[in-house]
Amino acid sequence: MKKFIGDWIISANISLNKSNFLLKLTYSEPLPLILPGQFVQIKIDNVSSAFLRRTFSINYVNVDKKEIWILIQIVGDGTQALSKSKPGEKLNLIFPLGNAFSMPYSKKSNLLLIGGGVGIAPLLFLGSKLKEEGVTPNFLIGAKNADGLIELDEFHKHGNVFVTTEDGSVGEKGFVTEHSVLQNTFDKIYSCGPTPMMKAVARYAEKYSIDCEVSLENKMACGIGACLCCVTPTQHGHQCVCTEGPVFNTKELVW
Amino acid sequence: MKKFIGDWIISANISLNKSNFLLKLTYSEPLPLILPGQFVQIKIDNVSSAFLRRTFSINYVNVDKKEIWILIQIVGDGTQALSKSKPGEKLNLIFPLGNAFSMPYSKKSNLLLIGGGVGIAPLLFLGSKLKEEGVTPNFLIGAKNADGLIELDEFHKHGNVFVTTEDGSVGEKGFVTEHSVLQNTFDKIYSCGPTPMMKAVARYAEKYSIDCEVSLENKMACGIGACLCCVTPTQHGHQCVCTEGPVFNTKELVW
Amino acid sequence: MVNLTTKIGGLLLQNPVITASGTFGYGEEYVDFIDINQLGAICVKGTTLHHREGNLYPRMAETPAGMLNAVGLQNKGVDYFINSINPRLKAFQTTFIVNVSGSALDDYIETAEKINAVDNIPAIELNISCPNVKQGGMAFGVDKDAAAEVVKEVRKVYHKTLIVKLSPNVTDIKIIAKAVENEGADAVSLINTLLGMAIDAEMQTPVLSTITGGLSGPCVKPIALRMVWEVAHTVNIPVIGMGGISNARDAVEFFLAGATAIQIGTANFIDPTVSLNVLQGIQDYLERHHYTSISEIIGALKIS
Amino acid sequence: MVNLTTKIGGLLLQNPVITASGTFGYGEEYVDFIDINQLGAICVKGTTLHHREGNLYPRMAETPAGMLNAVGLQNKGVDYFINSINPRLKAFQTTFIVNVSGSALDDYIETAEKINAVDNIPAIELNISCPNVKQGGMAFGVDKDAAAEVVKEVRKVYHKTLIVKLSPNVTDIKIIAKAVENEGADAVSLINTLLGMAIDAEMQTPVLSTITGGLSGPCVKPIALRMVWEVAHTVNIPVIGMGGISNARDAVEFFLAGATAIQIGTANFIDPTVSLNVLQGIQDYLERHHYTSISEIIGALKIS
């Protein structure tokens, strides 16, 4: 897939809670093909400690409005600076990068999309695409507490939403892998979130022989397969998360 | 003199022409004693290429308003970033630094303050102080052309103003050292501007045995006499421009 | 129109802007962003005799104005390069230089010999300076006798342009440069990465799987510039300068210090179009200063 | 309340935060900004046997995340220090360490001998690593035999705490560290500045009067950290770590790598209060991680 570099205009910067915000970016030209699971690399100007680009999943794409959404958690100086960016400002992006979640063979597939924390980001785009293709996805979203549940209204637009919180303040209490929806049978699981969560999901999927894809978040320098910094061990040796991933079938991973 | 470090609030950022602007800064506490010729060191945040502080003369002090002015020429990334700063933003300053112009012994002194380019900055403050002390200064200001003449209205408030431009568009045509006002006798000359200009002024002053003080602009790291980077050769060996200067009597300098 | 061509030994480059090994893949990774045919040359990823998996993840740490890497020469080996990658490279109109890496003398010799037989590859860059593999190339690059020996032996089997890439992790890089010149290197390139380390204070662990790694980016530029200046005043063969070059002004500094060509590494990660921007900027600089050829600024630093 | 005291040979410091030589004057320059009595120690400006004018201006160049300096040990000589500066220092309650610099063996010996007689100075830092003077200290610091000799001779006349400051401009800093330990150094401090260069592309001249200068600041931190880690695993005497430390997290990284104390240099220029902020931050870190003493994190890096 062809990659691009270009300036996007921030059309909105919406604070979701203390540590998460949503950037809406618009492009001056028609968008190229962008697939769920793909990511962008954003250049951070004027932050001395942010030397390399910062990597973010594509949270949602609106082709008509030439718009993409980026859901961001503030963790360090780079994301902190982005959180202060204002509508009208420009951001330089390399996009769209990486492979994509594989789409189901059948419209009758029963699909579960499990996200934790800011890892829900690519699942919204995936869910919206599935919905477009006639498959209503089931979202299972985990968070520490009510405040950690973000974009729930958006997820509701595209599928069924199940929730766990560690403190039980919303949805079922506990971890995503403990949610009662898992008693249903699923044809495929897609997951993105903290590594321990994805590993637990992968173990669950393996146990019940469910095909499972996860999206990894390795540290990247180039994002385009040139530096070989972002590797993960797979059945076929070290593979670059930025080009062979970020989406991997858990069968491929050496976890 | 006691030095301070503290945050100032930008109360105004006034563009004077394409490459010069005036920052007005206010302090939350009563100002300490600040003398004409002294300078500040400004911390530039969020400009990766501006690692060290940037040094600027104090252009004017308004004790009642707890305000200082900084007149800045855009030359590189640091000054560029400052030119975009907005009222309400904070700037961290170390102040007031360096020695000061010596004030005249007599109120009858005939004084000439010769400035070129952004080098006029400390002369406004000096002139205003002289005026306060009852001595009306003569300002001789040189620029390339009309556009290079900045703050003229301010200078007019405090003394007589004479102007040269290289293209003759305003005032007399030529260099400051060619201005007809020099045919008068002066008790003292103060000068700040490009080094070639100050050297020409110093030669003139020497020729006519006029006491002459200049303000130097050596590259500084610390600004407080700790690093010994900013030295200039003097009759007494290397001296730090940030503590023994920036004002030197030209007799002291090895030029 | 200024003359940008530059000569590295017997090799004529259309311009002096080369992309650095390990930072530009095989060039193909960048075709969506720039016309790589316009580059002076492309140094491909470090190539070893055998397939190497490289080091464990994490391999990267961001540092002030730079980064540490510990890739460890991951590549599929020279035969795979020759049979499966190189045929594709023939479609491009730029010069490809193979960065030959190894961990034993025989590896270097055998790899160089194999590349010598590859028609479309007119030069190798002998990497005796990789800090990221155990018993790795760096051992050769930090000892003048070892450096001399590997160059001597490779020179016997490699008959095209031989560039030797020097390590900055030495007390006196001039001695190493002189030693490899004496054994018949056609050019030297420098600097490879500086050995560094990053620690995660909260986790209390090293950031890299290998504990230490190679430092690159703007942070190393002053050191690189100094070494290029020293080496250019020591050897009579061309010097290819690199280390932190991110814009045309940086590149010009290296030319003035004595570099005949320059390489751009880490900067490609931040801006995949940087190499051609630097090329354009060099041209603008030369025109602005009324030069007609890049050669006029090489080593032209004015010392009072 | 955590225990921040740390021991450098026979010298007990109230805390491990020292300001680095050449960046903090004699301490007095900073009294308007901080209470310097709260510092672990102050390393005063490099002091030589005789008065030195230092190098010509320009002596400074800004670089990415750092700076080059070429001060060249400007100071009024050891006698002036003893007679005219030191009496004033007695008014302070912190430890002053004199950085003894030189360009010949005898200079070091004679200067050290004079400082040995000064009551209130319990330690010297022998600077065998200044890159900024011709035939300067660095020649000693980059050769293990020369380093050993100067330490051996100084040890004969200097009977208090002897810290030797090492140069990073070497192939293997462990060898130099071992050599000075063997001759009786009580501690080593590292790193001094890295030899670098800056060029003004438009003027086509070096930025520094001396062409090359010493690089310091955050840009060198990865290199410094690696060297501290290497040396701490080589010698049995305390290691004082420095190079780019700008905040408490940086400092903690050096402790984890094995430093018994740290020095802060260039960062003082950007924030004259940084040293005490770092001290406070170290204390906060220790409390947050439930340590009771700084010694618990020294060399505590977890290697898997």
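Which chain is which? They are A, B, C and D, in the order written, and residues in each are numbered from 1.
In the analysis below, a contact is a pair of C-beta atoms (placed from the backbone, for glycine too) under 8 Å apart; a residue touches a chain by one contact, two chains touch by 3 or more.
If you want to know which protein each chain is, UniProt gives these names: A, B = Dihydroorotate dehydrogenase B (NAD(+)), electron transfer subunit; C, D = Dihydroorotate dehydrogenase.
Owing to the predicted nature of the structure, the values given are computational and were not obtained by experimental measurement.
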Chain C (Dihydroorotate dehydrogenase) and chain B - chains in contact with each: A, D
Relative to chain C (Dihydroorotate dehydrogenase), chain with the most remote C-alpha centre: B
Mean-CA-position distance for chain D (Dihydroorotate dehydrogenase) and chain A (Å): 47
Length of the line joining the C-alpha centres of chain A and chain B, rounded to whole Å: 55
Inter-chain centre distance, chain A versus chain C (Dihydroorotate dehydrogenase) - centres from mean C-alpha coordinates, in Å: 36
Multi-chain contact sites of chain C (Dihydroorotate dehydrogenase), meaning residues that touch two or more partners: 61, 63-66, 217
Touching two or more other chains - residues of chain B: 48, 51
Graph class of chain-chain contacts, one of line, ring, star, complete, other: ring
Pairs of chains, among all present, that meet the touch criterion: A-B, A-C, B-D, C-D
Of chain B, residues touching chain A in the complex: 46-48, 51, 81
Chain C (Dihydroorotate dehydrogenase)-facing residues of chain D (Dihydroorotate dehydrogenase), complex: 61, 63-66, 68, 142, 169-172, 194-199, 201, 203-206, 211-212, 215, 217-223, 225-226, 229, 244, 249, 252-253, 256-257, 285, 297, 300-304
Chain B-touching residues of chain D (Dihydroorotate dehydrogenase), taken from the complex the two chains share: 22-25, 29-30, 32-33, 45, 53-54, 56-67, 69, 71, 74, 217, 266, 268-273
Of all residues in chain A, those that touch chain C (Dihydroorotate dehydrogenase) in their complex: 2-5, 43, 48-53, 94, 218-233, 237-238
